[in-house]
């Protein structure tokens, strides 16, 4: 072990076989990792209850199962995103309590059910086709210990549907808003509430939607100042950021 | 005159100096324009009151003045778009009744004040910076004989401002909606009313607005089915299309 | 029911147990939806005969069938766009009178055959490969109660083919023009007639067509002022906008 | 006043000249704004101390001065972003206590010096050329009542410079990270801390930087899950979002 | 037949039952196509030997076979491009002399073997992967009656391979140059000879080749002034243009 | 001089002081340029009458004047493109017969007035704003010894204007077609004639024209097979290619 | 043989039947390839040990096998990149010693095991998904005779993982850095060491990663001056360039 | 000073007032920078003679002068890139020996004239307009102690001009190749030599050159395997990378 070599050096200092000045010099030339310095982490409390996560896309069921089970040994919640039912079937073998969230395309192992979020996270989607992304965000936030309010299919072309949920939206401490096509929903939601809005462009749409580019550009240019944006279809990232905010 | 040569041909047919068959053959080899065929235009009534238009951008004041005055001789309304005050000063010399619409950047000569539009055209803008484009649309519609209702600064991040004008918007027969940045307003307006919405992306914004590209893509992907789109900053085109619709 | 609570409040006003002023105050703090305010809709007449619509793409035959049948209970025309024959077979089970328009990729249930459009809608396509989009537009317009004139395969590289239909085009009250590749047809058609032209870029082409982007940009920049544009391959949107215009 | 008409209606209910049922019906057909419903705002406390803001770019000194002074009458802090020194000179005339932050290109009127943020906001920049954007973010956060720690010129190509500030970064409750060129800094910072990171791409760079597009895309694809992104050069938006988070 | 109605009109003129003036007037109001005016075509000689062409991509074998056979009835050469072997098998049934050019992905029926081209057309390709496009160009040129010299796999990174064919290239009357990836070959060839060069970007490459966009942009910016460009992978278009030039 | 060393080698062969075999070997190791091999140029006749050309943009008047005068010493025609009047004034000093073509932005010195082109080159432009590019093409073609027919302002939105020139277009041996905005004109012209069409996208337009990109993409996707394309605003290149074709 | 004709010419010179001057003239008009001049190659030593390479993608197993075996006859190392296991199985038949590197997707025949590289090549990857590209680079470098140090999964969001390998990185003579998503790793590595860094963007990522474009742009804009970039996923190119550098 | 606190800790170890184990623990919790660990730098020798560099663009003459003079105090060579003559005039005041390289737009202070490069660096440019970038590369390489061979105006459209320098190019140990427009030169050069080629796309060109994007994409897709690429117009980066390679 690395600290051993340092201990030996210090023993020599104690025994007087090496001077403190020389020891300083030799310490200075060691690579820093030999000292085993951990990351300074003032946010340890925020980290409690963080799930272990695996990105399922492009992996075989066997690979996902192996990684998932290894992570499960940490004793924390485990989440696999972009996961297929086949991957789930592989994970389920020999692991109890694991669940497949079909719409979210997520495999969930929920061991720690403590609530870390201080308020409500609202998850909105513009259309039903945006639901997989919205559900990925919602499930992520739940696994990270938050209470989630789902408000789906409230696209801006039917503004009354959105306004009908104004009270629920207004009760949230942070909102996640998923929308494809023109990606206009975050701006409207951002104008309705005074808390942070995490916008998620989705690849829903066709033609000039360009796989989410139109929605992404729209959200980057939101005229509501409380909106920030994550990658196209990145429901996990939105759920993660919202959870961090909700723990503050 | 071209018809003359045909008349001569027909005279020969009448006098028998040429047979009908030969005449058919010779007619067949004439270029069609010699017959002076006009465009079949079943929409002549729609054309009454159409203004003469000159695009001012990139032209010298002298050029604009010359073109404007030549057009003014037709006796109809004349409109110069993307026009500067300098161009206006040149036009004004020796031409009465001409007016400069500063916000719209338009020079207007209004002779025919008849109303051709059957209803109201609503012109909306998301922000104050979109006003030059919105005004270009409004002035165009007015010059083409329409009653125009201006509803400005009703961007989606303050949805209540828009909803406060719901009645006025609902009274329109066709709506023009100008917006830069994320370009979301047409979708919301499209959802509020059951008439055609002409969307105009503007180059307002910075960074990822990419000079109107973000708004353009957003509007092309509008989730409201009654929205069609014209070019970035093309207030004139929107006013023109809306006027045509309003005359139907 | 929400209005009940208001009625109770009003009963108290009548009985004098609450003053009008207090009632005003309490009404003011109710969320607006409790009042059940409908959208102000001055265009109700325009809405008559509007079809119920489902977007088939990405849905299973069972899902389409379920939605279609639920919509069919409204008693109006029903239209499924981007629908496969498999989806049609599922819809057809237990539902009479439903028809599959193969080229348009549409499932149609036509119950209301009233004509709402005041004139003719011309639907043009540049090439035979654009026909699915053109047919989607045409079928949409028909389901919405319009008489439609199809003029296909009249691309600009054979301008005489287009000109041969000049009379039919000139008779239309609004025209829909579908074109892929360079997307030039709307400009030419726009120049021939004095009514609104709805341009539909299609994803037909290869290489630098970039899935319809070339046609989209071309149409956005049309030198004909009566052209507005909908999304790539959005035949439905074009048919919908044209129908709204034709009802005016 | 609108509530007056309602009051009159209620008077009639009380007097019995109209039945509660009829009153319900008449209320139902009023536009909602006549009831003067305010936005449901559960976040009023978060709103306290929010500055009034004007976007200076593209406005004349006179326009900025006029808007600024009108906003100043609200009694709150006032902030003008993207402001020139000329605009400042115009604002300063007849308004005490106003200050020009040259690097941030901001005009600041600080009346309310209360601290609303619960912790520290760290503002980092990759290079010295990113400082105007970083300062815009920092000044915005300060005007909104936050304690700000500036950590500038810590680009990833000299990772030791960044690591030397690890403790300060680790002490923040939310971090703002501004970077142009490859925009890599947010990912590294995101990995060092467990709190939300607001990434701001800047237009710093040349060639393939494409005015901030490279940085924007980089940040959207950050491999750190706690990163969300605002528009290119949008220091104000980042400061605003971070302030909202820090008030939670 | 349309000319009949004109003939009838002329008969009336001859018989005196209608005056020439009236006949002129009635002719003026006929649509021009009734006169059967052919295109003015001073290039008839250039058109001799032009093949009938069908674009195979996206069509079923049955569709291609039907179109091909209908075209074959004209008695001219017939060419199907982007054709599969399955389409060929369908075409071959009941049609003699038809041939499948596998590399060119073309079905060829060569009936007219006259040579119309006045000189040699050189067809060059940068790599072996560009051969399908180059062969499409070569086969097109051959079917149109040209002598073709194929010079393949002479990419610029091995400039000596190209220079070894300098004499053959120098003998050509027009050159077609196909290249993917960086698309540099046309510039080099353009510098070696004084005749027109038709450049064809191909979709060969990966990553930043962006399906031929890199090659397309490169060729558009060629520093050789005798280069013009056709669409990505458009071997047919290149062969066609080159054939037209070679007939002059 | 390089050939001298070869001559010396050959003298040694003659004198017998070196064997032919050794001489072959030594020749083989010489760099090829020592042999002074000229380009094999079978197109020498095509080169007669080629002008010397200088690209004026970005150069000072003094630089243009110096280069121009040096080129003028060759005795051939000299052409400066993208030239300003200031550059012309500098060139004119001390050089007779030089002319400034203002619209084409070209400085021309015409010494050789022989006609090398075998037929007519038609130069078309869609709008008046495209004239500088069209004139650059026309002047280039004239300087290279061609007869040029200018047909301007015949954009596709007024197809009758184009058709009115059908005979003149039909008489051309090669056509150059310049268009900005949607760039549709080349396709229409290509369909009218059977000779090569050189398309020149121009940067005319605004918004989604993207400085000529829309026109460029449109022309690359032309549905007319006889169209090939040069760079945006590259009137010179079009004139050059057309001249080469017209000499064949 | 070509030199024969030159030898004959020289024999005539020797015999006096042709003068040296005439011989010079005739040599001057020969195409240079008749002299058989080889490329001047001062870097022959660098070329020793270069492998023969075949690009497997898009080729059938039979094609790869045939090319591979033909190359194997040169007696040097042979490498097939982008190769499938099926291609490997075809190659293995009748060829000894060939190996399939599954992660690198490479078929390797290693005959020459000499070490040509003067130092260590470090190959780093940001994530495990970048490993195929990194392995392609590593295997290429090994086949070209280099010692390779693999340092994988050291993405910038966990900067300590990278720093833990600082010594190994610091020992390298040239580094290859593969990263997808934001592509930030090369900048950090470039800042840690004073030797050339070859950056390889990978297509790893989704959404706004745009198949490697985000990483490519990021790397092009690296703030570390010792970084140069190869094509997306071009592990081979990176291994090749690094090997050339390491041989210097 | 930080090491002091460590020294104190070690003194306590020596005096026995703290045990080695406790000292290890306390060291472990210190931030690493307190130990003052320098970067492990095995490439110190490579760093000798590295110039101090300042990027002039966007800085005032006074700012450049101040930074330049501060850097000059290090006693090493100093280089300012993208510098104007105005900036030079400011730098020159009070600093001897400073020189302005006008074409390279560089200010140079050359104190150390030692040669660190082991061979020749060839710097090539395609056109004269690329010279500023090429000169920036050349001057950078010279300031870093390399012998540089300039080979300018050897674009691929005149391949003989390039081949005439084949020997000089072949003598180089590393080559820098600058080209705008189609950016084809690096591929040709890469094929001629067996050493690393650093390609620099320049923003030279117009229209579809898109400010260097066409050249950048072309170079990224080079079919020569020894090419890697730096940012558009980044002559400094190319000179820097080439210098690092040439020192190996």
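A few comments on the model shown:
Going by the order they are written in, the chains are A, B, C, D, E, F, G and H; count residues from 1 in each one.
Following the convention adopted for this analysis, a contact is a pair of C-beta atoms (placed from the backbone, for glycine too) under 8 Å apart; a residue touches a chain by one contact, two chains touch by 3 or more.
What you see is a predicted model, and the numbers here were worked out from it, not measured in a lab.
Taking the definition of touch as given, a chain qualifies here only if it contacts chain B and chain F alike; those chains are C, E.
Any chain that touches chain C and also touches chain G is listed here: A, D, E, F. Traced through touching neighbours, the fewest hops from chain G to chain H number 1.
Between the two copies, chain C and chain F, the C-alpha superposition involves a rotation of 180 degrees in steps of 5. Each chain's centre was taken as the mean of its CA atoms, and the one lying most distant from chain A is F. Chain A and chain E have CA centres that are 55 Å apart. One finds 39 Å separating the Cα centroids of chain A and chain C. Distance between chain centres (mean CA atoms), chain E to chain F: 24 Å. In chain F, the residues touching two or more other chains are 31-32, 39-40, 163, 166-167, 192, 207-209, 213, 216, 220-221, 231-232. Under the contact rule defined at the top, the touching pairs of chains are A-B, A-C, A-D, A-G, A-H, B-C, B-D, B-E, B-F, C-D, C-E, C-F, D-G, D-H, E-F, E-G, E-H, F-G, F-H, G-H. Chain contact summary for the complex, chain D toward chain H: residues 129, 160, 163-164, 166-167, 206-209. Across the complex, chain H meets chain D through its residues 31-33, 39, 57-58, 201, 203, 211-213, 216, 231-234.
Across the interface of their complex, chain F is touched by residues 126-127, 155-159, 163, 180-184, 187-188, 190-192, 205, 207-210, 213-215, 217-224 of chain C. Remark: chain A residues 39-44, 46-47, 118-119, 166-167, 170-171, 173-174, 192-196, 198, 216, 220-221, 225-232, 236-238, 240-241, 244-246, 248 touch chain D in the complex. Within the complex formed with chain A, the residues of chain H that make contact are 3, 6-7, 10-11, 13-14, 16, 20-21, 23-24, 27-32, 35-38, 40.
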